[in-house]
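Lettered A, B, C and D in written order, each chain numbered from 1.
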Amino acid sequence: MLDIGIIGGSGYTGGELLRLLSCHPEAEAVCITSRKLAGKDVTSVHQHLRGICDLKFESPTAEEVAERCDVVFTAVPHGTAMDWVPALLDSGAKVIDLSSDYRLPIDVFERTYGITHRAPREAVFGLPELHPEVAKANLIGNPGCYPTGAILATAPLAKAGIIERAIFDSKSGISGAGIEPSETSHYPNLAENIRCYKITNHRHVPEIRQELSRLAGNVKVSFTPHVIPAVRGILTTAHVIVKEEKADIIQDRAAVSQIYEKFYEKAPFVRMAQVPMLSNVRCSNFCDIGFEAERGEDRLVVISAIDNLVKGASGQAIQNMNLMMGLDETAGLWFPGGAP
Amino acid sequence: MLDIGIIGGSGYTGGELLRLLSCHPEAEAVCITSRKLAGKDVTSVHQHLRGICDLKFESPTAEEVAERCDVVFTAVPHGTAMDWVPALLDSGAKVIDLSSDYRLPIDVFERTYGITHRAPREAVFGLPELHPEVAKANLIGNPGCYPTGAILATAPLAKAGIIERAIFDSKSGISGAGIEPSETSHYPNLAENIRCYKITNHRHVPEIRQELSRLAGNVKVSFTPHVIPAVRGILTTAHVIVKEEKADIIQDRAAVSQIYEKFYEKAPFVRMAQVPMLSNVRCSNFCDIGFEAERGEDRLVVISAIDNLVKGASGQAIQNMNLMMGLDETAGLWFPGGAP
Amino acid sequence: MLDIGIIGGSGYTGGELLRLLSCHPEAEAVCITSRKLAGKDVTSVHQHLRGICDLKFESPTAEEVAERCDVVFTAVPHGTAMDWVPALLDSGAKVIDLSSDYRLPIDVFERTYGITHRAPREAVFGLPELHPEVAKANLIGNPGCYPTGAILATAPLAKAGIIERAIFDSKSGISGAGIEPSETSHYPNLAENIRCYKITNHRHVPEIRQELSRLAGNVKVSFTPHVIPAVRGILTTAHVIVKEEKADIIQDRAAVSQIYEKFYEKAPFVRMAQVPMLSNVRCSNFCDIGFEAERGEDRLVVISAIDNLVKGASGQAIQNMNLMMGLDETAGLWFPGGAP
Amino acid sequence: MLDIGIIGGSGYTGGELLRLLSCHPEAEAVCITSRKLAGKDVTSVHQHLRGICDLKFESPTAEEVAERCDVVFTAVPHGTAMDWVPALLDSGAKVIDLSSDYRLPIDVFERTYGITHRAPREAVFGLPELHPEVAKANLIGNPGCYPTGAILATAPLAKAGIIERAIFDSKSGISGAGIEPSETSHYPNLAENIRCYKITNHRHVPEIRQELSRLAGNVKVSFTPHVIPAVRGILTTAHVIVKEEKADIIQDRAAVSQIYEKFYEKAPFVRMAQVPMLSNVRCSNFCDIGFEAERGEDRLVVISAIDNLVKGASGQAIQNMNLMMGLDETAGLWFPGGAP
């Protein structure tokens, strides 16, 4: 049994790690930290875990956590993870960072987040479907929720070299904004509504661009996010404009299917779907992908659906853990979502 | 044209007063106050009023407001209205207070809200269907949202002397909790949920008890509120236990109907309905009422539906204004809700 | 007072026409038809109109309706309106058709809807912001809901000649799918979900293309609709790719603002907004529009918000009626939406 | 490994059985029937199970199912289960019936459902917290969703002999109404709404009355259900009027707590909670219970929260299966809900 630590466990991703680990056959949460809530029952915040999890929040040092744990998840805000990660690694723990501190090259990180990186370390971008080297990593930069949906939707096309530009129009549940009440998450402001925000400059763009460019060289990437009246899930509508000389390919549905099937043939959590919907992936680690070409035109629409807290955060983190620790990739994650 | 002032206009009831007044044929908002937002456009908060309302928030004295206005609505928190009302009245304005400061006898108010009343004045409880003396009042204590739904549902039965006890189980939209984000109004905490709160001791109980007792002498009143995933509306399910000797009456549907029809024969905003629902009263000043007796038993279930911000607050306040100022009771309020 | 007829009044657009007309100062619904429901109270379907509307559904001939009415709205399915319109016109009524039968040239209509047009007549495309000739028309083809949002969002740019291609990613409330329950509108299938449908070939595309091309010559138009968990409203996110030689213009916010302000300077229902949202236009006839350019790139994102049943259908129809009949364009429509 | 059959698998309870069994360590669904869908993939209906469940719907005889299965769940409409159950039992299967056919004495069943019972068999009422004899049963009548919430909320008080009357005001998610679209489940009719239905005579009343009377002799039971804008979950607000001579007990919070804790000391799925909410039990088999006495009065309010499809149906059925087959009561069910 692996002993697991969670740094910063009072938010949604921390709670979701606990939920998922509570059913994991080979890993167990043994330490969960929160400076603010140290000494309190974990279930004082994550009430749905009553009867299942009897841990209390603690406030230990990184070294103490590393000593007690085989793997540590850092679920703290960006800019804070970098204060934990080096000490955890140096004390022998493997680390999966759910913040954005280890997803990007330092210069891109600093430009995007407007802060200086105080503790660069070598890390693997933890999207296992694209990065088999996850298995050998000691530090994972777990991808952002939007990039997970956007990259999985289009990586096969990027690798096939057919993308001229990709415009991602994403629709997210509000849990991505976190556990703290805000004007945006105020029920009367979101119910029966939809809000476009950070219309052209969301911080997740560089992750998407980095991964698609790695596969395809120069790809023009745009991204516009919205929040919808839903708690969990991200639906990404990728409007892919294909290169002029490749326009014929997308008109051949079987050919496009084959590109996806081949790319994901060893990816247990990617499912091709007629109509990807949040309801089919809710609370699960699946990513559903579907597509349709505009007849006679150069536009291919690809749609992906994930649960932002699972495949978009904590589930993917555990998938990475499984691979890093030599477990079955699906251990503790092989269950369907909770439809209806 | 009446000139109207609104003290405390940055919240939902203030916004709703502006919305309703913008269509009123004989009254116009000319002054809206907010200390915090003085100088800012009203539409910086109430964005839906852009193009319709070009007022700015002001921070005048009560005397200044009274000088400019015929009628003033006080839409400030309980305990604050009493700092405005006397000066407004003394300066010649008629006042409709949407807080709880002028709804109850002083001793009941002080016991219920735990504060000393600093400025008692004679006021009429502004439920026009029960209080024709509204027409002659200078100061109205506009009823709470829950009491409006509960009292209208059962007043005819109280007057008919058949209630032994009434248990009100109410379900409210979250706008009743106000414009400020909170844990309760956080979308992930309310969507797909329902929350029972202040289970046995909500502060609105004394208003309900006061009005029913006025009609019927001693009536046993209990009240339990819930918030549901809806923005507007209160559905009240009144479980009425009838006096043993009156049990036969409720088994006669026509007899009960007649009790209601007679009681409300001059009440334009009360509609008898098969199935009262929030969707039928949303954004309107109507109160829909329906009922069903448990066959062979002593329980009559009465259901009422109102929009908490209209008939439960700002609409009722304008209805009171109409009556106080000798206008048609329905002026500016005679429109249907916005279904679907 | 104008006498108004509504052909096919049992659906949402029929109900919305009645709601809006009930507050119109110079027009009154006098006849509403439904073969299926003839003889029944209008309020048996449109329950929110109880107390406001005491009409019964009728089943008259077109000639009978025309005789009694000055203006007739046809709110029947596409392919059915054409069976009513000629007789209504020939009997002297002015007609506003809310179906798609009179929005497109015949050949485009037939290709798009797969049916033969049995009764072509000259009609004006009823988007008054673009078509002042509405004022002189006898027959209006009232635009589709999606086209209204998409065209208003981008028409000023089209006229300015800067659009290379426009990709419309629209998110609609489910009321657009009508009053009849279906798998898509089944609550468990829509709540906490979002569904992309008719991904590349929705029937509204030709309307959008027709109007933008009229302004700009050849514009590449794509459209992908979604339904979101909301009843009313359409948010359209227009990803506009600008012509290479015009890329500089969109980087100048003031210049783009001016293009919009000039284009809509006489359009009372178009409001420029920082963040267009459904909540600000709900139940109103406003169209809110905002935009943001991607820094240094050739993409301008324009967002529009309308209420699909008002500006996207019945409200726009009444706006057309006002213009056709020489009334103030805003008569009966000058009220804010129902936020929160 | 137990082989499991599901008769009538195209609805929500069938899908939920498959979801839960897919994670059960000692049971596996091997046969799922649907006459209408025979030959089709189970995932054509239950899309969220893609990749997890590769069964096809079948249309076998009861005998064939019984031959292949150790335990059979009948998830068909009331009145239909009785056509399957005898043959299944006679062929050696243990049967858990999720319909209402085997929950009540025949005369009560026939009076309540208005049909003749064609195949009475001895059955145990499958609420394991009250019926340890489940462990020895061959046929279980799995309780209704509302009765599960109502009975668990009040059984300890009934046994303690303190209930004079209990008025259950329940609020259910719409999934209880099934997978077929209807007027009630039409999104525009439920969103932002709440609907009271079968106000005094819902068919679940006899189950509640039967179980409470079994514990307490004569208890006056009333029940009024509502549907709220939620997919899963039932919150039951039980207004318990206590016997005059027991009124003191409920004023002693510790005493009431003790009554509950003792009654449920061996019930793993019952959790006492400050504020029971749907969000804490969603997708799980837990029943959360909280209470508050009205100070100085004879009313105790008890609130219970369950997931109607899990503890209210399929989860409870599997809990029964576990007990019948000598497995750990929590096997395959020991996981938290999916909050947020």
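Quick note on the criterion: a residue touches a chain if its C-beta (ideal position, glycine included) is under 8 Å from a C-beta of that chain, and two chains touch if they have at least 3 such contacts.
All values derive from a computational prediction rather than experimental measurement.
*Asks:* For the interfaces C-D and A-C, which has the higher count of C-beta pairs in contact?
*Replies:* Of the two interfaces, C-D and A-C, more C-beta pairs touch across A-C.
*Asks:* Which chain maximises the distance between its CA centroid and that of chain D?
*Replies:* With centres defined by C-alpha atoms, farthest from chain D sits C.
*Asks:* Any idea how many Å lie between the Cα centroids of chain A and chain C?
*Replies:* Once rounded, the distance between the two centres reads 39 Å.
*Asks:* In whole angstrom, how far does the Cα centroid of chain B sit from the Cα centroid of chain C?
*Replies:* Distance between chain centres: 36 Å.
*Asks:* Taking the mean of the CA coordinates per chain, how far is chain C from chain D in Å?
*Replies:* Each chain reduced to its C-alpha mean, chain C and chain D end up 46 Å apart.
*Asks:* Out of chain A, which residues touch more than one other chain, so two or more?
*Replies:* 12, 175, 179, 188, 191-192, 229-232, 277, 279, 282, 339-340
*Asks:* Looking at the complex, which residues from chain C come into contact with chain B?
*Replies:* 12, 15, 19, 22-23, 46-53, 175, 179, 191-192, 231-232, 268, 271, 273, 277, 279-284, 286, 288, 334-340
*Asks:* Can you tell me which positions in chain A touch chain C when the two form their complex?
*Replies:* Checking each residue of chain A against chain C gives 167, 169, 171, 173, 188-189, 192-197, 199-201, 222, 224, 226, 228-233, 235, 237, 239, 275-279, 282, 292-295, 297, 299, 301, 303, 339-340.
*Asks:* Could you pull out which chain C residues touch chain D in their complex?
*Replies:* Those in contact with chain D are residues 12, 174-175, 179, 181-183, 185-188, 190-192, 229-231.
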